[in-house]
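Below you'll find the structures, each written out as structure tokens.
Next come two complexes, and both contain chain A; in the first it sits with chain B, in the second with chain C.
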Partner chain A sequence: MTAVTLRRITGLTLIAFVALAGIFAPWLSAFDPNASGYDILYPASAEHPFGTDDLGRDVFTRVLYGARISLVIGPAAALIVALIGIPIGLVAGYAHGRADQMIVQVIDLFIAIPAFVLALIVMAMIGASLPNLVFVLGLVMWPEMARLVRGQVKSVRERLYIEAADAIGCSRTRILARHIWPNIMHTIAAQLAITVSTAIFTAASLGFLGLGLPPPAADWGGMVQSGFDYLSLNPWLSIAPGCAVAMTVMGFYLLGRTID
Partner chain B sequence: MDSVDRRDFLLGLGAGGLVLAAGPAAAQATPAQGGTFSIGLQDSLDTLDPTFSIQFAERRILHLVYNTLVSIGTDFSVKPELAASWEIENDGLRYVFHLQDGVSFHDGTPFDAEAVKFNIEHRLDESVGSPQRSRLDPVIDSVEVIDPLTVAINLKTAYPGLLGDFADRAGFMISPAAVAKFGEDFGSNPVGTGAFTLTEWVRGTSVTLDRNPDYWEDGAPYLDRIVFQTIPNTIIGLQRLRVGELDYVDNLSPDDLRQIEGNDEIKTEAFPVGLWYSLQWQVDKAPFDDLKLRQAVAHALDRDRINQIMMNGQANVANSPTPPGLWWSTDAPYPYPYDPEKARALLAEAGLEGGALTLTTPSTPIYRRLNQLVAEQLGEVGLSVTLEPVESSQWYSRVVSKAVNFTPMSWSQRADPDGLFYILFSSKGHANTTGYNNPEVDALLDEARNLLSPEERKPLYTEAAELIVHDLPYVPLFFSASFAAMSQAVDGVILTPDSIPRFRYVSKSA
Partner chain C sequence: MLNFVLRRLMWVLPNIVLLTFLLFAVVTNWLGSPASMMLGTDASPEAVAELNARYGFDRPVVVQYLQWIGNAATGDFGRSYATRQPVAEMIGPAIPVTLELTFWTMLLAISATLVINSIPVGKHVVGALTTGISIVGVTVPNFLLGATLISIFSVSLGWLPTTGWRPWSDGIFTHLQHLILPVLTLSAYYFSTFSMIYRAEYRQVEQQLFVRVAEAKGISRRAVSFLHVLPNAILPLVVYIGTSIGNLVGGAVVTETVFSIPGLGRLFVSAIARYDFPVMLTMGMITLAGVMLMNLAAELILALLNPQIRL
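Then we have the complex of A and B:
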């Protein structure tokens, strides 16, 4: 088994594990993730595998339901990145001269601002909600995708067969769709998987700083943060959601690393 | 101390001067001498000039660097401090203070009647811009120096809250010479008469105070040094207490206490009165201008459950702004017991079934916790509540500027009922952020602040409290259970009902 196959299998296994946990959360746990209870900050036990939090909620249940949130945020943000980044990259890469330069300058402008800082500022301005979070993640991550697509298109379009296609009178659209796209598709797919992983990680970081989804959402980053106050009573409060973030991010990252 | 003692004491005070025995120093055996006492400090500090202080955490340091004219005891009774005794004359319009002899400021200048006159006039001076001016100016007419150790304050109107104010920020005596010397920088170079002097202040990190060898009270202080060290949260504070880097941490909840259970080297003590936690809104603005909605929210909240989950059942559920055990406490029944059916019915009457509300959520853990419970309970009667996170440092200023309509709140108790009632519930109160304006309440509070005897005042506050609770500018929730944890070696910390611990008489055995 090659290293690439191993990575692919590990990545897919991790993603499948997290996805199944999220999908089957109501069957895997009898508790409501947001219902408070009187068992405050209990340590891990058979009834509560990761104990309870400061409102008496079952941490295991909240980690399961947190998978649903992360698996919506990551792919949704990647979709926005794809919708903005890919067309812009294609246009920039295929166009010559002025148009290309202008787009490159816009991309550079965005890349010059640290993405996380930009996300922090915009989140603080527009307020926390699921659509806003996805929008902000898309906003800060599309330039990376656009730059990659542009570079790929540029390298492919210099090849001889493209010149030949041009010479026999193929339209630009046809050249892009039939001759360039199939050659760069795999790289873009890989980048998308990595985008999902970055989006989930960034969302968790924002949650950790209190700018993720507002409570009571079972937001992994927010859970890690609020667990800090009670680490010595129940360390799982922070460790369990922290591991869940690591697994999910690692899953998509490994998948992304296998395609190029 | 129960309320009867308290009332008798105040009556005696009204009749003439009173001198009480010296402070707790006299009561102790022989406190250990020397040592450094390290305190975990969670809040930020802006200034150590009491004239401009508004941060809660500053007050615990001010009590070390300065003395107040009078002080309050653990039962909110007024005790002598820089004023050894006083008489109230002319139906409460004139206070004559007899000052302690032989007290000098850290810079060597004497503390005398002229210094008191300077301090009060400094706060009244419009060009100085002290936040205390709005409170003192309507009551204080003039300050008269009778002899070097006697000063009289003439009032425009009787004002029983005056001694309470002089036990707090308005009563800290600062050195007139140092104010002239440092000017604007006095806040970083504080000079008082207190038991400790400021040695070093590293902003955001630590404040180091050293013993004042010339302190005027017998024996005190016992420590060589007090260091306030900034801690980001209680868990770090408790860890550092456990390993001996800190001697004292407070603002602890019952859950925090569980983390140090069974540790023989640490002892804990409860604050006598906790903070008053409540929900507030703007009663002159939609949707909360509808009394039925406010009543529905009040009926929908199961405050016993909130107490059980957040405070391990150790808090007192609040039926008014006043906790039990103070002379103005009442035992009037709460008109809005937990009753989800009634809440739903009220919402239906108001045409607000299935309404949506936004509850502002400061990043402080206790508010975040409280708000999730409130949202859950309101959800059960069909109100959907979105929690809107706000950074703690911006939160209160947004409440003041009325950018926030629905928020949790907490207040510490004051030594006189006028302290909280007037600022929160009078339409003229400077901390009235709810838009509450009930002429009946205004009239009662105005009348009560001009009467001297607690017997006459109590029925007025009782009536005002009933109106306020009925009108619901605030939904009273609970008086928190709050604890301090300290090393067994520490003795002499005084936990006062205003939630500010006093460290002046602390000693530490080796």
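Then we have the complex of A and C:
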């Protein structure tokens, strides 16, 4: 088994595990993720595998339901990145001269912006909600995608078969769609997987800093933060949702790193 | 070389102006306004207008931006809305803290990267191991790594303090003791990314003819790795290190929050939590300019090391 196959299988297994946990959350746990109870800050036990939080909610249940939120945020943000980044990259890569240079300068300009700081500021300005979070993540992550797509198009378009297609009179759109796109699709798909992992990572970090989804949403980053004060009492309050983030991020990351 | 420096400056300086202006416009006008952020979205129009007039948010963006830059040039970043302190006085003490954290993190990450990835013995084992560690390092969030390290070394074993920051005046030992976990947490990520970039380049350089010549001359394998391959494989890393330091200048936001370190990152987060607009804006502007200047510095160092780039 090659290293690439190993990565792909591990990645898919992790993603499947998290997805199944999210989908079957109501069957895996008898508790309501948002219902507070009287058993406040219970240690880990058979009834509460990770204990209960400061509002008496079962942490295991909340970690399960958190998978649903993360698996919506990541792909949704990646979709926005794809919608902005891929067309810009395609145009820049296929255009010659001025147009290409101008787009490249814009991409370079935006890549220089520290994404996380920008995300923090914009989230603070527009307020935390699911659509806002997805919008902000898309906003700070599209330049990477545009740059990658441009580079890919550039490397493919110099090939002889593109020249041949041009010579027999294929239109630009046809060359892009039928001759260039199939050759760069795999790399873009891999980059999309990486984008999903970065989005989930960033969303969790924002949540940890108090800029994630507003309570009572079972937001993994927010759960890590609220558990932090009780680290000496029950470390699972923070570490369990933290591990869930790491597993999901790693799953998508491994899937994306299968093409170098 | 001078020509190259001037050419890069002509490119970077206008970009800094453009980007800081964009940021300024975005936070003061385009995406909501400081008034709605402070008063809430259901504030009465009169209250918003009054606040805008008081702080000068009703003037054109360009005028506000120029005034802000003019004041900033004299060290006046305005006053915090939350504490009424001048922003410069709040940022001042945080700078050395973040710089020191950055220094130790980079020192550890860079030296570990270069040494571990250049050792000629047991290449396959070391290689597989660093690849594994790198994947874990870039995917495990700092808050998880921080929480795990705290619960192992501080809570369970009691070897190290949980959080906080002690100045040098409290004794060198105490000072360094509080630094260990944050520096470890931060450098895990940087070691991982640096290793990936360095290893890829190292493998390419290793294939080149001059390396084989050096080996053929009978130079020890260690000398070949460290004296012949390393200096040539380090180039792509230089630019990346520049960008990383630039990003850390804005403060290691998450790690400083995890360990309650009074640096720029934590100041930034607390400003955001309190809707303290002037502090937020200043931090954003400083980070942006810092990142771009560090990128420039990295480019210049690279040009010094590799004359081809100056062309």
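The criterion applied here is as follows: the second predicted complex is superposed on the first by the 258 of 260 C-alpha atoms of A that agree within 3 Å, B and C clash if a C-alpha of one lies under 4 Å from a C-alpha of the other, contacts with A are read in each partner's own complex, and residues count from 1 in each chain.
Methods note: a residue touches a chain if its C-beta (ideal position, glycine included) is under 8 Å from a C-beta of that chain, and two chains touch if they have at least 3 such contacts.
Quick caveat: nothing in here was measured; it's all calculated off a predicted structure.
Judged by the touch definition given at the top, the superposed model places A:121 against chain C, while chain B stays out of reach.
When the shared chain is aligned, chain C comes close enough to touch A:253, but chain B does not. In the superposed model, A:208 makes contact with chain C only, not with chain B. Residue contacts after overlaying the shared chain place A:185 against neither chain B nor chain C. Of the two partners chain B and chain C, it is C that touches the larger number of chain A residues. Within the superposed three-chain model, A:54 lies in touch with chain B and out of touch with chain C [touch as defined at top]. Once chain A of one complex is fitted onto chain A of the other, the partner contacts of A:36 are limited to chain B, with no touch recorded for chain C.
With both structures placed on the common chain, the touch criterion links A:224 to chain C but leaves chain B unconnected.
Once the two complexes are laid over each other on the shared chain, residue contacts for A:177 go to neither chain B nor chain C.
In the superposition on chain A, no contact is made by A:28 with either chain B or chain C.
When the two complexes are superposed on chain A, the residues of chain A that touch both chain B and chain C are 124, 127, 210-211, 228, 231-232. Of all the residues in chain C, the ones that touch chain A in their complex are 15, 18-19, 23, 26-27, 31-32, 37, 41, 131, 135-136, 138-144, 147-148, 150-151, 155, 162, 246-247, 250, 253-254, 257-258, 268-269, 272-273, 275, 280, 283-284, 287-288, 291-292, 295.
Against chain B, in their complex, chain A makes its touches with residues 34-38, 40-41, 54-56, 124, 127-128, 210-211, 214-216, 226, 228-233. Considering their complex, residues 233-235, 238-239, 255, 258-259, 305, 308-309, 312, 361, 363, 365, 368-369, 371-373, 375-376, 386-389, 391 of chain B touch chain A.
Partner chain C is touched in their complex by these residues of chain A: 3, 109, 112-114, 116-118, 120-122, 124-127, 197, 201, 204-205, 208-211, 221, 224-225, 227-228, 231-232, 235, 238-239, 242-243, 245-246, 249-250, 253-254, 257.
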